[in-house]
Structure formats: C-alpha cells, structure tokens
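When the chains are written out, they are named A, B, C, D and E in that same order, and each has its own residue count from 1.
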Amino acid sequence: MNSLVVAAVLLVLLGLAYQVGWSRSRTVAVGADRRLHSRPAYHGTLAAIWVLVPVALVLGLWALFGPGVTDSYIRSQIPADVAASLEPAQLNNAMARIRSIASGYGVLGEPQPFENQAGQALRQFQLISFLIVIAAAAGLGVLALFAARRRITPALRARNQVEAVVNALLVACSAVAILTTIGIVVSLLFEAIRFFTFISPVDFFFGTVWNPRFSTTGTGGEGDYGLIPLLWGTVMVAFIAMFVAVPVGLMSAIYLSQYAHPRLRSTVKPIIEVLAGIPTIVYGFFALVTVGPFLSGIGNAVGLDIRATSAATAGLVMGIMIIPFISSLSDDILRQVPKSLRDGSLGLGATRSETIRKVILPAALPGIVGAFLLAISRAIGETMIVVLAAGNSPILRLNPFEPTSTVTVTIVNQLTGDTDFAGPQSLVAFALGLTLFAMTLVLNVAALLIVRRFREQYE
Amino acid sequence: MTDINMQQTGSEASRKRLEIIRASLSRRHRAEAIFKGLGIAAIVLALALVGTLFWQVFSKGTPSLFQSTLHLDITFDPEVVEVGPAPEAGSGLSPAEYEEAYLDWRRALALVNWNELIANAIRDVSGTEIDGGDVRALVDNNAGLVLRSRFQDNPDLLGQTVPMDLLVSANGDNWLKGTIDRDLPDERQQLSADTRNLLDELRADDVITMDFAWHLFTNVDSRTAPASAGLAGAFMGSLYMMLIVIVLAVPIGVASAIYLEEFAPQNRITDLIEVNINNLAAVPSIVFGLLGAAVFINYFHLPISAPLVGGLVLTLMTLPTIIIATRAALKAVSPSLRQAALGLGASKTQMVFQHVLPVTFPSILTATIIGVAQALGETAPLLLIGMNAFVASVPASPLDQATALPVQVYLWQGNENRNFFEARTSAAIIVLLGLMLVLNAIAIFLRTRLERRG
Amino acid sequence: MDMIAGRGNMAEQNTDKAAKVDTLSDRRVRVSTRDVCVFYGEKQALYDVSIDVPDRAVTSFIGPSGCGKSTFLRCINRMNDTIEGARVTGKIDLDGDDVYDPSLDVVELRSRIGMVFQKPNPFPKSVYENIAYGPKIHGLANSKSDLDEIVVSSLRKAGLFEEVKDRLHEPGTGLSGGQQQRLCIARAIAVGPEVILMDEPCSALDPIATAVIEELIDELRENFTIVIVTHSMQQAARVSQKTAFFHLGKLIEEGPTEQIFTNPVHKQTQDYIMGRIG
Amino acid sequence: QSRDTIQIAGSSTVLPFASIVAEEFGAAYPEFNTPVVGSGGSSGGLRQFCEGVGENTIDIANASRKMRAGEVEACAEAGVEDIREIVIGYDGIVFAVGADQGDFALEPIHVYKALAAQVPQDGEMVDNPYTNWSEIDSSLPDQDIALAIPASNHGTREVFEENVVLPGCEAAELPEMNEDEMEAACLNFRQDVVTEIAGDYTETLARLEANPSTMGVFGLSFYDQNRDTLKVATVSGVEPTMDSIAAGDYPVSRPLQFYVKGAHIGVIPGLEEYVQFFLSDQIAGAGGRLEEAGLIPASEEFRSTEVSDFMDGTQFEASAE
Amino acid sequence: MDMIAGRGNMAEQNTDKAAKVDTLSDRRVRVSTRDVCVFYGEKQALYDVSIDVPDRAVTSFIGPSGCGKSTFLRCINRMNDTIEGARVTGKIDLDGDDVYDPSLDVVELRSRIGMVFQKPNPFPKSVYENIAYGPKIHGLANSKSDLDEIVVSSLRKAGLFEEVKDRLHEPGTGLSGGQQQRLCIARAIAVGPEVILMDEPCSALDPIATAVIEELIDELRENFTIVIVTHSMQQAARVSQKTAFFHLGKLIEEGPTEQIFTNPVHKQTQDYIMGRIG
C-alpha cells in the first residue's frame, strides 16, 4: 500500500515536471530570435531528472534508516522494566507483536496493556512519519521543479545535459563488469589468504599429493594439499576434450563454411548448435549413464581396463559439449577470411582442399587458435560433467582410463563435503578458485592478443 | 585434350608443363575427395552425437512420463474422518482468531488416518484384507495428503464416495514396469510377495493403469513420497531466475555494450574493460558461485537458496555474453546508417538510440535468449549458494527458497532409489531439454530471419 | 573526328548552363576555407586547401582516387569529427561564422549543411519517417500537418513524390537505387539546409538513375548551394559551374568548370583531363 | 516481517531423513511452512550456521559428524553462542559387493590388508602384495581386490578409518614405530585398487556396476533401497541390520545429529515443534518413518533426554581434542 | 582547344603501340566465345556474348558499372563455378577446346588461364611463398633450386625483383598497394599460364602505381594473351589493342582499340566514350 502511494506520488511528480519543462520551454521560445536550442521533450526530461534526484534521495534515506528509526521508537514504547526483564529473543517477539497490533491484524491471546498502548502509538508514529517523508519528498521535488523551471531558457542545452545523464548511466552499467571482477578477486583472495596461513603456498602449488584429512583422525595433521594432481587431471581432461572436439569441430566448420550448400548449412548448423544449449548437467548424466558403461564395455571387449568413470569418459563427453563452440567460432572466423584470398588461390588452379589447407586455414589460424584457447578455458572451467563422470580421484596418474579429478570438482567437493569449514579442508576451495581464475585469465589474454594480431593482418 | 591440340599450342615448355600438372591431377583430386569426406564425416559424427544423446535421454525418460495410477472409489467415512465442521470466516472472529480456529480444524484433519480410507477402498475392489502398513507399500505416501487436501477444500464430502486417482508407490511402480528384476528372490525384493501379487492383480483388473504423469509438472519435490515428486518448485525457481536475468542482464548488458562500442574513448581503460569482459565470459561458472556466496550471501546478507541470489549470480555470468554479442551487433551496423543520422544533425545519442539500436534489436534478442538459455542450464554455481536444497513448496517470490531445474536433476540423479529415479531424472532432463530447445529454436528462428533480411 | 565534335558538344552544353546563372564571380561566397589541413593520425591527407564555394551554384571536386576529395567535403560539415583520429586545422567559414568555433553546436551546423552519401542510405523505416526524422529532431514542425507538408514538399523538390505517393508508409529500403538516392536528397532537403554536400551521389547508380539525379541537382541549385564530389569528369562537366581539381591531397586548380575543362592552367590538371593519369 | 520457514542445511547423509521429517512436519502442522532442507555437506551447513544470528542465517545444521572446537569458536566469533545438539539416530556403514558376487565375511584386518599401501611381513613393512581376497584369507572368495571407499570430504571416511582400518591395523601387528609413523602407516592406502569416491553412493554403485568385482562402502539405507543389486558383507561376523546396529553389535556405525541455533528459538516459528516432532516415536522411534528410510533409531530414553536437554537449553560443547 | 589536341595525342599513342604488333586480324585466336549467357539465379547478367581474344595482345573490356564485364571475364577460366547460383550457357573455347566440357579439369584450366583481381590479394605469407605456392601445388618444381629460379624469374617478369629482393621472406601483405598487385601478377605468371585475365587491376591503386602496372602489362603481352577489364576508358585506350564495349549485359561493339575510340559504330558506344552515359 505504502509503496504504491510512494510510487504514485513519484510518478505524478515526474509527469508534472516533464509537462512543466515541456510547456515552459515552448513559452520561452516565442519570439523571432528565440529558437530553442533543444526540443521541448528534452527540457521536459531534464526537469523530470531534476525532480527525481532529490525525491529519490529522500526516499532512499528513509528506506535505509527508516526501519532503524521505527525499531528504536518501538523499543522506547516498551516500558523500561518490561524491556529489562525480556531476553533479546523475547524482546524481538514482543516487538513483532506490537507491529502486528499496529497493523490491525491482531495477535493471538490477550495482548498485554503495554503492548496495546505501544501498538496504538506505533500506528500513529507510522502514519506521521510516513506523511512527513512523503511531504518532504514531494516538497523537495516541487522546489527542485521550480528551480528547474527557472533555468529554462531557449539557450539552455537541455539535450546535452540529458545526454550527459544518459552517458553517466551507461558508464555506470559498464562498471558492473569491472565490479564483478573485483568482487571475484577480493572474495577469493581473502579466504585464500586464510588458507595459506595453514598451508604454505609452496606446498600448495608444487605439492604432488592431494590428500586432505579430517583433523581428528590420523596424526591430527592437516593432510596434503598438492595442487599438481588436480591440475594434471584438469589438463588431461581438457586435453582429451580438445582431442575430440578440435578435429570434429574444425572439420565441420570447414565443411559448413567452404563446401556446404547454404541450405544444408542453415539446417545443420543449428542442429550442431543444439549441443551448445544442452545444460552441462545433462552431459554429466549422459556420461555417467551411457558413455561410461559403453566405454568400459569396449574396454572389456578389447581386453583393456577402462573405468566407467574416468578422465577419458569426462573428456570425451566434454569434447562433445565443446564441438559446437569450436565449430561455430571457427565457422565465423573462416567466413571472415576475405573471399579474395580464396579466389586468388582457386584462380591459380588450386583445388578446394589445397586452398583451404594452404591458404584459408593459415590465414585464419590465429583466430582459430584464439577460439581453441577460449574452448580450453571452457573445458578447464567445466564442472558438472567432471563431477559426475571423472571418478573424482585426485591422484597423479598418466592413464586416461583411470579416474581423475579436477580443480572445479574439488572446489565443489571441499565446499559441500563434511570437512571442517574453518580449516584448510574447505578454505582450500578458495585458493583453488583463485588458481582457476588466474588460469583462465592467462588463457584469455593470450587468446585476445592472438586474435588482435589476426585482426591487424587483413586491415 | 588431345595431342593434336597440344601441337597447336606449339610451345614445348607449355606442353611439358601441362604434362607435369596432369600427372598429379588424380592424386590431387583424391586428396580433395578425402578431405571433403573428412568434413562430411565430422558433420555426420556431430549429428550422430546429437541424435544419440537425445535418443538416450528420451528412451530412458519416457517410461517415467507414465506412472502406475490406482483408480479407487474413496468413501469419506465419517467413522474414520472424525472432525467437526470447518470454521467460517467473518462470524464475529477477528482475522487472528479465525486463523487460529481454522488451524485447529486443520490440525484435527492431520490426525485422521486417511490410509484407512484407502485400505477400505482397496478391499472393496480386490476383496483382499489389507492394513495401513500394506497401504504404504502399495500406494504412494502422498496419497493420504491428497485425500486430506481434497477434503479440506470441500468438507461437504463427508460421507460421500468419490472416484480418485492415486499414485502407486515408487517400488510398486518399479515392480509393475519391470525395472526391478521380477525373478529375484524375496529377500532382495523391496516389496513383500503379497503386495506384489496384489499389484499384479489390480493391474490385471485395470484398477491400476499407466497414466501420463501430470503430477511431474504440477507437484513439488518429495522425499517421503518419491512417486509423486514433481518439478513445479524447481520450475518456478528457474523461472524467477530467468526473469531476474532478463530484467537485469539485458538492460545493463546492452547499456555497457553501447557505452563501450559507441561512446567510450579508445584508451587504456576501455582496453582494460574489454579484456576484463572477455575474461569474465570465460571465467568458470563455479567461480561465480564462490563470488555469489561471498558477496550476496555473506556480505549483503541476502537469503540462502533464494532465486534472487541465483538470479544475480547468473546475471553476472550472462552479462559478458550479452555485452559481447551486442557489441558485435553494433559493430556490424553499417557506417552509412550512422553517417545518415549524423549528417542530418542527429546527436550521437540520438543516432545510437533512434537508429543503430533498433536495427540491432534482433541480434540482441537472439543473444539474450541464448544467454538466458545458458543461464537456465547452469548448475555448478547454484550448488555453492545453497540452491541444492530440498524444497517442498513452490516459491511464491524470488526471495523464497527454491531449487532450479538443473539442480533438481542433480539431486534426483543421486537419489538412493535408483530404479525409480534414474528414469525420473531422465524425465526431468526431457523437460529441461524441451525448454532449452524451445529457447534455442526461437533464437535460431530470429537469427535466420535476420540473416535473410540482412 | 567524331570524338572532337562530342567534346565540343559538351563544352557547348556547359555554356548553355552557365547562361542560366550570372558569372560565378558575382555570386556571394557561402563557404570559404583557408589553409585547411587534415590529418588521419600521423598521416596528412589534405594540404592547405583554400577555396570559396559560391551561393546557388554547383561546385564539383574532382581528382583521382584517394586524393582527399571526400575528406575535404567532410570537413565542411564537420563529419570528420566522427572519425577516430581525424584532425583538422585551418579555417572554414559558413556565411562568415567559423565552423570549428568550439561554441558552435555541430547539430545546428549539420542542420544547415546537409549531406548526401555515395551509397544511398535510407533509414530502415518508412519513406515518410525517413523524411520526417530530421524535421522532428530539429523541432521544425509544430503539428502533424506541418510535418506532412514538409514531407510532401521535400519529396516534390526531389522529384520523387509522384513515384512514391502511394507508398509513403512502406519501407524506404524497398525503393530502387535511384529512388533511394532521391529519398536521401529529399531527406536532406527536409531540414531546410543552406548547403548540400554530395559525395559521389551517383556512383552506385545505373546510367538512367544517374541522369535523373543530375537533372535534379541542376534544379536544386536554384535554391541551394551544392558541393559535389565525383569521380567522373563527365559528370562534373555536366552538372557543375565551378570545379576544383585535387591531386595527392593538394588543391591543384579551381575555377569555372568551362575553363578547367577547356583551358586548364596546370599540367597535372591537363594530364588528368586528358586521361593521362587516374 | 521475520522469516517464517525453518531453514536447514548440511550433511547429505542426514538430508534424506531431514527432508522426510520436513515434509511430514509440514503435513502435520498446518500452521508452519514446510522447512527447507539444503544440502551442502556438514561443512557447508555448519559454515552457514556459524555465519551469525538473524533471519538470513540458517536455524539448523545437519551433520554426520560432531562439530569441531574450531568451528564452535568461529561460531562464537560470529555471535552464535547458544548451540544445541540433537542426536537423531545412527547410520550404519556397510560393505557391499554386486549381488552375484561371492559372500564376504570380513574382519577389519582383511580390509586393512586389502587397502594398505604397505603391510607387515616378517616384521618388515613391504609393498602390499595382495591382489586377490583369497590371498589375504582363504575364507574369503576368490575375487580380485578392488575397493571403492568414500573420499576424505565425506564424514563416512572418518568412521571407516576409525572403526575399521585402525583396528585392522592394530590386529596386523605392525613392527615397532612411534605413534605418528604408526598412524601414517595405517592410513596410507594404495592407489591401484582403492578408489576414493567424492560423490554420493550412486557413484559408488555406478563403480560397482562398471567393475563387478569392486567392493563398495555404503550407508545402510542406501543398501536397503538397492537390495536387488547389492549383497552385503558381515563384519567381525555380524550382519549389518537395523537390530544389530541398534544393539551396538555391528562395529561400523556413527551417530547423526543436527545443531539448533538457540537464538532463533521463539523467533522462527515452529523450531521447537520441529525438534520435538523429529524425535517423536512416530518419526525417529523404532518402526517410525525414519527407520523405514534406513535410519537406525536411538532408544526411547535417549531420545527423551535429548528433547528435554534441548528444551532446557543445554548447550553443546565441543569435546577437547 | 587544348582538349582536342589532347585527345588527338592519345589516338597517336595508340597508333604507336599498334605498330609494335602486326594487325590484330593476323593473330591467332586464343579464346573464342559464342553466345555466352550468364544467369545469377533467375537474373540474366549476360546476353549472347560472342567475341574472339587474339594471342599475345591486350584485349580490354569496358562499359558502365554492372554491365557484366567481370562476369564475362570470370566465365573464361570458370571462376563463376565458385559463385553460388551462377549458370553459364553458350560455348567458350581455349585453343579450340571447350572450356565447359565436363571431362575438362578446371584445375588444369586455371593453371592455363591465370587471373589477377581488382584488389591486390596476396596470401598472408612471405613474398617467396606467395609466388612459390602455384608451382608447388602443381608440382612444377622438382627441387628447391628449381623453385628459387621460378620465383626469381616471375618476380623479374613482374618488374618487382629489384624492389623486394631483400624482403623475399617478409610477408607479402607488408608491401605497398602497387607492389602487392605486381606480386599478384608475378604469382599468376609463376604457374606459366597462357592467358592472363585481369579484373580492374589498378582500381585500388594510386596514379603512380597504376602507371607502373600499365607499363608492365604492355611488356607482358609479348609472352602472354591478356584480357583486362577496366572502368577507365583512358586506361583501355592506353594499354589495349582490342576493345570490347559492354552495356547492360550485352556486348555492344568490339574492335581494334583505335577504331572503337575514334570511330565507334554504335550510338551507345559513342555516348559512353563522349561521357554522356556512365
């Protein structure tokens, strides 16, 4: 209700301001040499902005401090002796009851007299404070409107000012992306530093054993937190994924961009891109239920010991996931290679495949490598497939048919396990997150640099 | 070409040259064919993979889209349902008092032994004498609640007999569908021999039929009554998150793209922002989960397991996608359109908002849909902000606790009743995939229309 | 030789046209530039160009590709401002007001100096909206009927009204190339500019559409000051009264069209016109 | 307006039980909303629990292990001082193989010998030579050794080590060494045949299906739901059943518990009722809903003491280590 | 008038050049086309073009934009095959062999008919690799030294060797525009073609680079049959011995350059040359 009133008041004020700005600008514009610099609509908008700022300020302040003020008012209404006799929780309860009485809803049981009294007082207080706030906001708004109105002259650069406001809003929006990065780094760094008070960075970054322990069992030690096995698992899975995705993705991109009839292209491309839209959890399930047993069945048939959940399973399925990523990006890049290069080569009597292999691919190579790097960073960051399909075995092993574990999975496991949350067992997740962030950052900067150089080549 | 022609060409060098070229032609054409074949093979493989994946999911999931349903005539026997009349609103009660009285009545309802009604009904159709325990093995635990809420909505049913559809328990469903080996010895079966026989009998009499599992879409998750577990809660959770992503990510993303592409001066800072955004697009989603937990929950004290937080995290994740796509779209707008506007005396802001932006609208829309679809399928970050919760209610607002569809898939695939939940998980995946496909289809439709026009 | 006769014809045509106007030197100078240099980053694209553009006449800029014709044209209504890294020095006056005066509003400037581009670039809106856009943003119409009037009269002036009067609310991009270009001219006229700059307005058009536009330009000069860049000497000869020849960023020679084509002073101009360079 | 839904998070072992109780609670008490039960592991649950007091923190943390002293400290720092522990029953941990495999009668020492990296032989520690169970003890089936045990992020792992591996290690009579070395030797597993499972039991089951000779470690309730595919091993001659575990005959079990935030009692509606309801006979008692779901019930008097301690406000104190 | 003298000069120049070769009619016909029509989808771009291209001479195609010059050029070495939806009917012979014979291998055909494009399009490889590319794929060099020789001689023929001999292993894209175009010509020569097709090879170049290329073309015709498309009549007059004029997809007139420019038969040709259209 209240917020409806506030919104209505605000809307009316803004509408009024717009109207005033609009008509005022037209009035002052009468006369030969008094052409308006800006259209009346801009004057209207500018006036509305002038009004909006102080009103929003007042309402914002009230939203921020209002509840606190009300609380302390209620507390002041509870007799001191009663208040002293109440536990904090009971006090809260009493305050809630008072609020409930004030709202007219009523409470169960017989309210105590002081509650009734306080309820009535609160009711009045709420009404008055609400009126005051509304009045203050509206008053300030009207004042601002007058000020704005007086500023309106034909020469007023209302458009430029409105555009400056718009520009500021745009800048604010771009800042969100930066804040996100800062947020990530700060929130990870903080906890990671706490982790490093338990475990030295050297042991973390160069350790080859991952075996965190419960602090109560064993020797009471913390266990081993070597990053290398996790990193190795990550790299191995990502490598297998690329091993699957690169040939298939690249060859499909080549076929689609260089050979396929447009009609074929426009049907096949979306179908392959469907793979990109499938949630990773679905891939994980697919890996766990279908691909894993299938691989291990093949293994049995050829006499190879292939685990159902293994680096190979996870990598294979992740590769399938990445295919559309690579084929889409590569397709775009291949199509960006100027047609004149292709014509140049064909005109010399090269066959299509020669043209593709010797001219188009080399020309597109930097861009494609950039795409690969992005794909790798995606593979590295992928979680759910590995959670379900890699077997979660953080041991340094070369055999891809053995289970393995990755950084992302370990983050999930350590944060959602039964370990001591104040100890290194779960804090390590943040150090791992930071490592992951740094890895993708490096990959991305590399990709960016490569892609930039590529862009320069044609221009 | 013939040799006579060769001679006409005259030049000896030219002839020799042609011979050399001809000698290698068949090899070159073979290489060409192989290369092209590889391309086709890659496409076929990719398509086959799409096919396999869908076939797998659908063949596993379709059975659980149908569930054994028991059709019974339930008599609300006043001897079993011993409760007074429901209180009425108004009638001199304050709202608080009415609520209290109504609660009392509902408490009384909760104490009724609803299973006895079911036992009676089963006895009536099969002639078998069964007790409450058998009912629980036979019928989903939810059945009692279904009766109760039916009665609560309509207290006049007292004494009447109504036909009702009740779900068979998960184990019963397994037995009837044969997902559990029917030849296994007794001690390895979940159900007693009597119950199994009764089930077969009821199935043969068509008292139990395989019906479409509508409740999968209308019910919330359930642990006590696995057979009645549904996706409604998760669906709403996902819906709220999607709305938040759309409401926040699109305007912010488009605005920053506009700023970076159209207004920002080319300098170190914008370079930095660009690197930063490209990087954010590739930052593992799990890291966003860590961020969400640290910032939104620990620092801003937003509620745990709430779609609001999930939506915010997904918004941050989707932003770079939208920014990058929008920038590409803006970049693609032909300079001549910009010149036309500027040449007429439009300001830069007018040019961008009145001409450039409308033209890029379809691409922005496409990018948005794809970004939102990705966000919808995201699981990992949600695990870290408490959305992997068991929530037995449909969230009424984005501040209420909820799960999301992919998280529900994750939770279900880990359920201990594997015989039942493996198919259930696939059914949930079908729903999720269906949503994805619809979203992607819309995006592709828009894009092809756009490409045709452009 | 026939050819010689042909050339002769052309020269005669020019004289015909020139008869319509008084001698150029009588005309008021609308735009005057002094020592204009333009740099793209490090690279200098124009060197000290000084020229006067006479009122109500067509001035054409010719010269081989890359000589800076477009660059100079864009200086006049400050479209170079929109190019990253472009820098202009020197002085350009419109009716005696410095165009590069910081206190001058480019929006106003561009409403006074309209522009038509090489490739027809109608907005992807209806024909009506295309023309109404300029008057709207500049607040030139107080009512719908005002606007209607502006639209119709602009279309008429551009000789397009009869062809599109039934399709005013269909997309402007659906017109033929020549119609689109006339639409763009109508759009420029609708704002009521004093000067119209045209950068190779016919280069994307077929010969027939080109002829229509050239005729239009000839009519427009009764009311507007027109500057046209063209890569076709023939076109310059056909439509303009004053011609300026650019080469490698320098203004080599300027003068009445007739004189430039029949009796150029500089060797380079002569070479260009004779087809020895370019 | 304060929050009116009880918010629970924590151990995934307790999760199924807590969810059942939450649902039943919602059905039985129309005036209260159905509590929300998050999973996230004991660690994640306690982390949220110890974030502080107030609406946006959880009320109850489920745990499959006791809270640690460090965690209690962290809690206190954040203002969570009144913590009440409720033990709800026991979880049995069983060894199971595929249903068509041989019968196992395990002793702790068998398990130790199967998975230790080094075993004593003639008073020396040598690399584990066993590849087949029958090599360890002729009474065991002729089957390749392969074990899927919970990874160290699981509370089960701790129980497994304390109740099976360490006793087995002791029985194996390792050569003289100091205590630290001894523990290290006992808990150092070989990696070729041992797989650590960081996920849930479905993953262990998947491992069994892929490699049928694998022996897996499961919770009793999980085994119970999958009797069609699993066969359980006896430990020290005792078969794991509800009764044998409740009676304390079966050696591998652990208590499950949850922690309630005292400060939220009376603020979040239904908190007290939830606790009482949880420990009531029809839920946590013998023959109650949770026993059906695989929780091993605690005795009646134990439960009533838990409830009365809770109502009296007895606060949890971490055992000193 | 000076202009007339200028024109006269040009005609004289042509006569000079023509003196170098015997009369065109003596020359063997290298490429002959009969009734060639080209369709892009539904749209017909060329109508029944029949023309003979003489050996060791430069034949130029001129005509207004969009008249089908490039389309026709691309027919000759079947580059139109690479355009989606393009369809060619009629007959084109190279030394009497039907170019569109299904049994003919286009790879071989294109090794015999080289092509140079409007915009210089060197591969993003080194200068050396650019030229070695053709001989390599066709297997024309048995050894590294063979290849070196081909590269050097091609560069020499293209008049580029002196300028780039120190930069053979730097990227070809780093050369200036004119050098790039000569690199493309050298690349085409390296395969040892009999005919070289050039589609507006100078349109992206500045006047000085253009002059160098024109000189090169004049030299090349001693060894190759050259067909050149140009939008500049002057260029056609300067470099070619035979000229064909296209208009709206039809071949209007063909003949010795001198005749076309001084004494065209058709009114349209005359109009075009006089600058009345285009």
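Worth a mention:
We take it that a residue touches a chain if its C-beta (ideal position, glycine included) is under 8 Å from a C-beta of that chain, and two chains touch if they have at least 3 such contacts.
The chain list, named the UniProt way, goes like this: A = Phosphate transport system permease protein; B = Phosphate transport system permease protein PstA; C, E = Phosphate import ATP-binding protein PstB.
Note that the coordinates shown come from a computational prediction; the quantities given were computed from them, not determined experimentally.
Common partners of subunit D and subunit E, by the touch rule above, are A, B. Taking the mean of each chain's C-alpha atoms, the chain whose centre lies closest to the overall C-alpha mean is A. Compared on C-beta pairs in contact, A-C and A-E come out with A-E as the pair having more. Of all chains, D has its CA centroid at the greatest distance from the CA centroid of subunit C. With centres taken as mean Cα positions, subunit E sits 35 Å from subunit C. Rounded to whole angstrom units, the spacing between the C-alpha centres of subunit A and subunit B is 19. Centre-to-centre separation between subunit C and subunit D, using Cα means, comes to 85 Å. Between subunit B and subunit D, the centres computed from C-alpha atoms are 32 Å apart.
Residue numbers of subunit B whose C-beta contacts span two or more other chains: 21, 28-29, 347, 383, 388, 413. In subunit A, the positions touching at least two other chains are 159, 288, 349, 351, 354, 387-388, 415-416. Along subunit E, residues 107-108, 111, 137-138 each make contact with two or more other chains. According to the touch criterion at the top of this document, the contacting chain pairs are A-B, A-C, A-D, A-E, B-C, B-D, B-E, C-E.
Contacts from subunit E toward subunit C in the complex involve residues 1-4, 6-11, 64-66, 203, 206-207, 210-211, 232-235, 237-238, 261-264, 270, 273-278. Looking at the complex, you find that subunit B touches subunit E at residues 1, 5, 8-9, 13-14, 17-18, 20-25, 28-29. Within the complex, the subunit A residues that touch subunit E are 261-262, 338, 340-351, 354, 358-359, 362-363, 457-458. Within the complex, the subunit B residues that touch subunit C are 266, 334, 336-347, 350, 354-355, 358-359.
Looking at the complex, you find that subunit A touches subunit C at residues 36-37, 39-40, 157, 159.
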